[in-house]
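Heads up, the thing below is written out as structure tokens.
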Amino acid sequence: MDTLLILLQSLDGASIAKAAIAIGAGIVVIGAGLGIGKIGESALKSIARQPEASGDIRSNMIVSAALIEGVAFFALILLIVALFV
Amino acid sequence: MDTLLILLQSLDGASIAKAAIAIGAGIVVIGAGLGIGKIGESALKSIARQPEASGDIRSNMIVSAALIEGVAFFALILLIVALFV
Amino acid sequence: MDTLLILLQSLDGASIAKAAIAIGAGIVVIGAGLGIGKIGESALKSIARQPEASGDIRSNMIVSAALIEGVAFFALILLIVALFV
Amino acid sequence: MDTLLILLQSLDGASIAKAAIAIGAGIVVIGAGLGIGKIGESALKSIARQPEASGDIRSNMIVSAALIEGVAFFALILLIVALFV
Amino acid sequence: MDTLLILLQSLDGASIAKAAIAIGAGIVVIGAGLGIGKIGESALKSIARQPEASGDIRSNMIVSAALIEGVAFFALILLIVALFV
């Protein structure tokens, strides 16, 4: 028996980078999900406790969630840039 | 049996760096999400308890969340710089 | 059996350093987020409990959060220095 | 069996050190964030409970937070020294 | 069996040591932050409960926090010595 196994493993770095960008995008969403989820959760509980303060709570919920949204979008744009650079 | 295994692994360093930048961007968002999420959560619960203090709570929420937002954006800009350097 | 394993791993150190800087920036934001988040959270809950002490609470919140902000920015500047050195 | 393993790993030590300095800076901020965050949190809650003791609480908050700030900055300066040595 | 292993690994020990010093500095700050943070937290809560005992609480807070501060600074100085030796 004479086996000739030539394994050319061309695992180039560009693919590793692309893989990590995909993982990174997932981590971004975990971060944003935890943060905005916490805010949304307490918004709903708070409206349930004080239905008359519903307008105030809604506007504050949007402001604080938008701050997390901003960081998350900026990180995702960074990932898109990293994809092409 | 005669096995000839040629393994050419061309994993270059620049891709490892790019990969870590992508993961780092995700970690930044987790940090910002946890921090701003905590602040936003307590803002909404506090407004539900004291609807008349809503203006005070909102301005303080924005000030403290902006501090985290500042660090997070500075870190993301550092990552963009690291991407091109 | 005749195994010829040629492994050419060209992983240079500068990229490892850049990778760690990216991860480090993420860890900095987690630290700042946890700290300032805790301070902001209690500031808002405290204002809800004692709306008349709102001015005192705000100034103390900014002082203590600024201390964390200072360490975090100093660490990020250290990372930028490490990027170019 | 005839194994020819050629491993060209050009991972120099200076980069490993730089990598650890970056991670270390992140850990420093986590330490300072946890500590000052805890102090700031209790300062604000205490002011809400005893608004008349506000001056005392503020001065003590600054003293104890400054102790952590001192250790954190000293550690960051140590890291900068380590970067150039 | 005929193994020819050519390993060009230029990872010198001095860099590994420097890396560990950097991580160690971060761990020192976590330790000091947790400890002094806990002391400061309870000092401030105690002043809020017993404002008339404020002087006593402050002096004891400084004594106990200074003990942690002392150990932390001594450890950081040890790390600086280790950096140059």
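Just so it is clear, A, B, C, D and E label the chains in written order, and each chain counts residues from 1 on its own.
The rule is simple: contacts are C-beta pairs under 8 Å (C-beta built on N, C-alpha and C of every residue); 3 or more make two chains touch, one makes a residue touch a chain.
Protein identities per chain, from UniProt: A, B, C, D, E = ATP synthase subunit c.
All figures in this text were calculated on a predicted structure; none of them were measured in a lab.
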Just send me the rotation angle from a CA overlay of chain C (ATP synthase subunit c) on chain E (ATP synthase subunit c), rounded to the nearest 5 degrees. 30
Where chain B (ATP synthase subunit c) and chain E (ATP synthase subunit c) are represented by their mean Cα positions, the distance between them in whole Å: 25
I'd like the Å distance between the centres of chain B (ATP synthase subunit c) and chain D (ATP synthase subunit c), where a centre is the mean of that chain's Cα atoms. 17
What is the distance, in whole Å, between the centres of chain A (ATP synthase subunit c) and chain B (ATP synthase subunit c), each centre taken as the mean of its C-alpha atoms? 9
Taking each chain's centre as the mean position of its Cα atoms, how many Å separate chain A (ATP synthase subunit c) from chain E (ATP synthase subunit c)? 33
Can you list the chain D (ATP synthase subunit c) residues in contact with two or more other chains? 1-16, 19-21, 23-28, 30-39, 41-43, 45, 47, 49, 57, 61, 65, 68, 72, 79
Graph shape for the chains shown, where an edge means the two chains touch. Line, ring, star, complete, or other? line
State which pairs of chains touch, listing all of them. A-B, B-C, C-D, D-E
Going by the contact rule set out above, which residues of chain D (ATP synthase subunit c) touch chain C (ATP synthase subunit c) in the complex? 1-16, 18-45, 47-49, 51, 54, 57-58, 61-62, 65-66, 68-69, 72-73, 76, 79-80, 83-84
